[in-house]
Amino acid sequence: MLKVGLLGAGRIGQVHAVNIAGHAGSTLAAVSDVYTEAADKLAAQYGAVSTSSDAILADDSIDAVLIATSTDTHSDLIEKATAAGKAVLCEKPVDLSLERAQACLAKATATGVPVMIGFNRRFDPNFAAVRAAIEAGDIGKTELLSVTSFDPAPPPVSYIKVSGGLFRDMMIHDFDMANFLMGDAPVSVRAVGSSVVDPAIGEAGDVDTAVVTLTYADGRIAVIKNSRRAVYGYDQRVEILGADGLLQAGNMLENTVSKSTVSGVVSAKPEFFFLERYMRAYAAEWDAFVQALAGGTAFPVTLEDGIAALAMAEAATQSAKTGQAVTLSL
Amino acid sequence: MLKVGLLGAGRIGQVHAVNIAGHAGSTLAAVSDVYTEAADKLAAQYGAVSTSSDAILADDSIDAVLIATSTDTHSDLIEKATAAGKAVLCEKPVDLSLERAQACLAKATATGVPVMIGFNRRFDPNFAAVRAAIEAGDIGKTELLSVTSFDPAPPPVSYIKVSGGLFRDMMIHDFDMANFLMGDAPVSVRAVGSSVVDPAIGEAGDVDTAVVTLTYADGRIAVIKNSRRAVYGYDQRVEILGADGLLQAGNMLENTVSKSTVSGVVSAKPEFFFLERYMRAYAAEWDAFVQALAGGTAFPVTLEDGIAALAMAEAATQSAKTGQAVTLSL
Amino acid sequence: MLKVGLLGAGRIGQVHAVNIAGHAGSTLAAVSDVYTEAADKLAAQYGAVSTSSDAILADDSIDAVLIATSTDTHSDLIEKATAAGKAVLCEKPVDLSLERAQACLAKATATGVPVMIGFNRRFDPNFAAVRAAIEAGDIGKTELLSVTSFDPAPPPVSYIKVSGGLFRDMMIHDFDMANFLMGDAPVSVRAVGSSVVDPAIGEAGDVDTAVVTLTYADGRIAVIKNSRRAVYGYDQRVEILGADGLLQAGNMLENTVSKSTVSGVVSAKPEFFFLERYMRAYAAEWDAFVQALAGGTAFPVTLEDGIAALAMAEAATQSAKTGQAVTLSL
Amino acid sequence: MLKVGLLGAGRIGQVHAVNIAGHAGSTLAAVSDVYTEAADKLAAQYGAVSTSSDAILADDSIDAVLIATSTDTHSDLIEKATAAGKAVLCEKPVDLSLERAQACLAKATATGVPVMIGFNRRFDPNFAAVRAAIEAGDIGKTELLSVTSFDPAPPPVSYIKVSGGLFRDMMIHDFDMANFLMGDAPVSVRAVGSSVVDPAIGEAGDVDTAVVTLTYADGRIAVIKNSRRAVYGYDQRVEILGADGLLQAGNMLENTVSKSTVSGVVSAKPEFFFLERYMRAYAAEWDAFVQALAGGTAFPVTLEDGIAALAMAEAATQSAKTGQAVTLSL
């Protein structure tokens, strides 16, 4: 039974708490948060201890930590936790600074303690099935990937200012999805972006609508589309063309009901946002973490994966600004 | 916080245990089962007491019981539990004997203690959305209901012999669905059935494929189709035509992936069986039970509803044997 | 090149004219109609002669006739045309009287001239693909057929009074579909019907909503649902369950566009009525007629098929009135 | 009644012949082709004259010509036909040389005779419905367009060598679709392409897989994906995100049948290629041509539209070679 300390008791921390406590192979032992009330409340619900992150990292009975704190603390906490010998599952992104993330990787690697990065979408049953089908050879050699990833509504501009920008904050998931499905890193990145949804986002120095094209050494191509606003819900789809066919993963809908009237046929919208859509993915992600530790196998998503996606985000940010392609060597 | 005793620790009891323990308004206090090992194990998992059903019913600290034992014990346990003042959620069917169920209703009603029957499909988000749309007037006056309900594979013939037959064991859910969606009880029942899936089922005195037509006093019609075998998975759909349109609720699929090749476009199968398909429905059912008790409101499915469905099953059984329509006055 | 006389220049006659004139193996030589203006106009459009039906039947240069006149003239014209040695494609139904139709069959058979009945739905690419899949063994032994067949709006009550009733006028297509897909004739018919759409239809002695259950000697079952009103368009679907799977044929939609907004996802309605939905079927039907004559092979739908469907309609009419099952021996 | 001369009796000429002859407002008067046998055969089928293109252009009784000859003759024939006062519907592309096309435009414009370019996809009922919905304001201000356009199989390399390349030969349709749906011309073009489908295509100097990103003055973005090979059929889809929702137009399928077995749910493939998919579009295109001439209204697709798409193709060709964005001022 894995004894787990949860660092961060906010919205995403609460999602992880359910999965940690509900998993047959793990137990939620301790919770910390800069807002001690949030930690107290969450700890009470699951019979865990509410304490500080330092105390959790110093507690020899804790086997693993899940880092669900704010992004600017990720690198520090990964370094401290691996130094303390705790297995780590850390929410994305590793850091907003590629340089800082690479330094973190160096330190963490030196400890020999494994770190998994929480790219939850790899564990979505739909995207996981696409990957499995590719690996099974169902569509032959892959040629052209398309990722559609729209949020239902933009976050407040105050958040956007500290988010690192759309490419680091939002599209980073899609960069990892490209790496996951293409099975390789791209050699060039071309990005265009604008603030067609809300000029205030442009004034804050960011974009809200963007298209990124990735090219691969063997001639394959991937394209990622992002928008901060899809009023009909969280739109998360991929499709990949191969020599022998096409794989598509669609949205999960709120229900399967359709209504046919003189006005047309109306069916349900996609699940509203990431907590609804990726509920099953978060549980599967936690299970993968526990299984890997129990079986002594490698994590399915590593700190290196987190850094690769971050490098792509940085390249896209640069390309969108300069209008030039950026070459990568990952 | 509702303190709950769970009677029955089998497959369906385990599903309920998750929901009882995971609900913010209820706690699993005690578990019983004729196989004490099963009760011990389930109780241990949730920090509950493993004991006898009599002890649970005698325990003044227990507020409510969930009856998930074998069908032949339902009437007795409902009577004992209501006599002991415990609110009851009992799995369907109430009984295989309509007469016995009616006696149980009389006794339970006399105690004034409310009983809810576990017609879980009413809480499926798809079917619930159909009912809500009907009540919202989306399709105007309803005219013609069609229920498709196929199991993935027939149970063993040994089970079929004690099941009460397809109409009481399987179609009883669909009779309740008809009552739920038509908002009224039918006045006549016509049934045809055969053992076209497996002659051994016919030799055991039952049918495995059946169609029942229900007529209503105001001229509306409902038709229910059942098969014990749909090799592609659990097929659970309804559609209802009204003056202003059609509502359809479809299957929930294993995932949203489709694969297009020279052979055609392949998508996922329906969720395999009732535990997968109705996972969310069981949680919503338990929530409705807890909410009704907390709010002092009526249960959304009553013992009377259980008896109405049973009477329809009995009429269908008779009609399939005689070839004649059977008149009902519910 | 088949020289064809078209008897009847009304709405359905005009559909056939396009196909006769547009087919590489046939030419429209002559047209007749009781309204000579209609015949004149249609003949002019295709460079054909406008004349009387008697003149067409007496014209030795005419190889075949297509009978698209009113139902009460079908039997007479089939008899005359076969006596004159013309190959015949006659619109359904053969007659409203089963007795009269059987007499017609006897006379036509005596001439040795082949007659095809225009059950156009057999040539719909969707239903034809279902039949082909059954014959290919894709779902193993068939067990349970369901036919959904709703018109967009009821005809005038004045038409209903002379139509022969819903079972002979509308469901006759579905009886033939059952025969087409089940590959056998039923042994019993049970029908319920009501005038829940429009009481005036009930006052005219007919029903507007009906469900018919057919049973087969080997235990298989079919169910047909009809409504005179589906405000969203012409609803024409079949599904058939077999030992190894399920086949479903759905509606053809006006277009493939979907619109996702805060209100839901809206897609197109089914093609509005039979001319739109079965446009391709009528062309394929004519092609089958020409091919069979050219190749000297049997027609895919015979006069006997027309009479079988009519017998089922008569049985259903009787069953709906008496409430009793009616036994058939076809 | 419009008297029409058809220049070109190849595959696409034959498609147009059906529509010209079958339209109530036009008649096929004459056909020409460099292969006189092809012209003879087609003319015979529709009672037209087989002659030379010069003779057609010199015939005062001919009102309009449809140019369906090889691309290298388009500019010359447009110039000659307009000089002769014939209304023109010319197949795309106008020319492979932008300079030559512009010269043609100047000459044709000087005659005052209107020219329509055959971007048939604008008349596809699906894409036309998307445009109509945009114009009706169904999704508010448009923001992000995505066009997916895959051919079932690459043409022979010998054809590719003279085709002008993927951007001029294949993606030109999608450039016009972007102009049609975005209602404006882009200000920049970024293209990436490779020969991942077949290296021989790369050796011939062309690409077989390409992604083009278009940006607009107001910040909107469009992305076009092309592949020369989609083994499952002709894949022709668009989707456009707006402030108030998303519009998607999907493929038209061979039929509506689905088969559910233990292996999954199999449905039909897209219509195989452009003749099947765009059969209705070609008829609607011809109807639009005839209606505009009859009503004295402007053509819905002009020679200028053909030149705009050609300019975009030229820019994309250049961008794919240099790796740089190309600025446009259309």
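A, B, C and D are the chain letters, set down in written order, and residue numbers restart from 1 in every chain.
To be clear about the criterion, contacts are C-beta pairs under 8 Å (C-beta built on N, C-alpha and C of every residue); 3 or more make two chains touch, one makes a residue touch a chain.
As the structure is a prediction and not an experimental result, all values here were calculated from the model.
Using mean Cα coordinates as chain centres, the one most removed from subunit C is A. Each of B-D and A-D has its own count of C-beta contacts, and the greater count is at A-D.
Look at where the CA atoms of subunit B average out and do the same for subunit D: the two points lie 57 Å apart. Inter-chain centre distance (subunit A to subunit D, centres taken as mean C-alpha positions): 41 Å. Residue positions 230-232, 235, 244-246, 260-262, 268 of subunit D each touch two or more of the other chains. Taken together, the subunit B residues at the contact with subunit D in this complex read 230-233, 235, 260-270.
Listing the residues of subunit D that touch subunit C in their complex gives 22, 125-126, 129-130, 133, 138-139, 244-252, 254-262, 268.
Taken in their complex, subunit B has these residues touching subunit C: 141, 143-144, 146, 148, 150, 190, 192-197, 209-211, 213, 215, 218-221, 223, 225, 227, 229-232, 235, 241, 243-246, 323-325.
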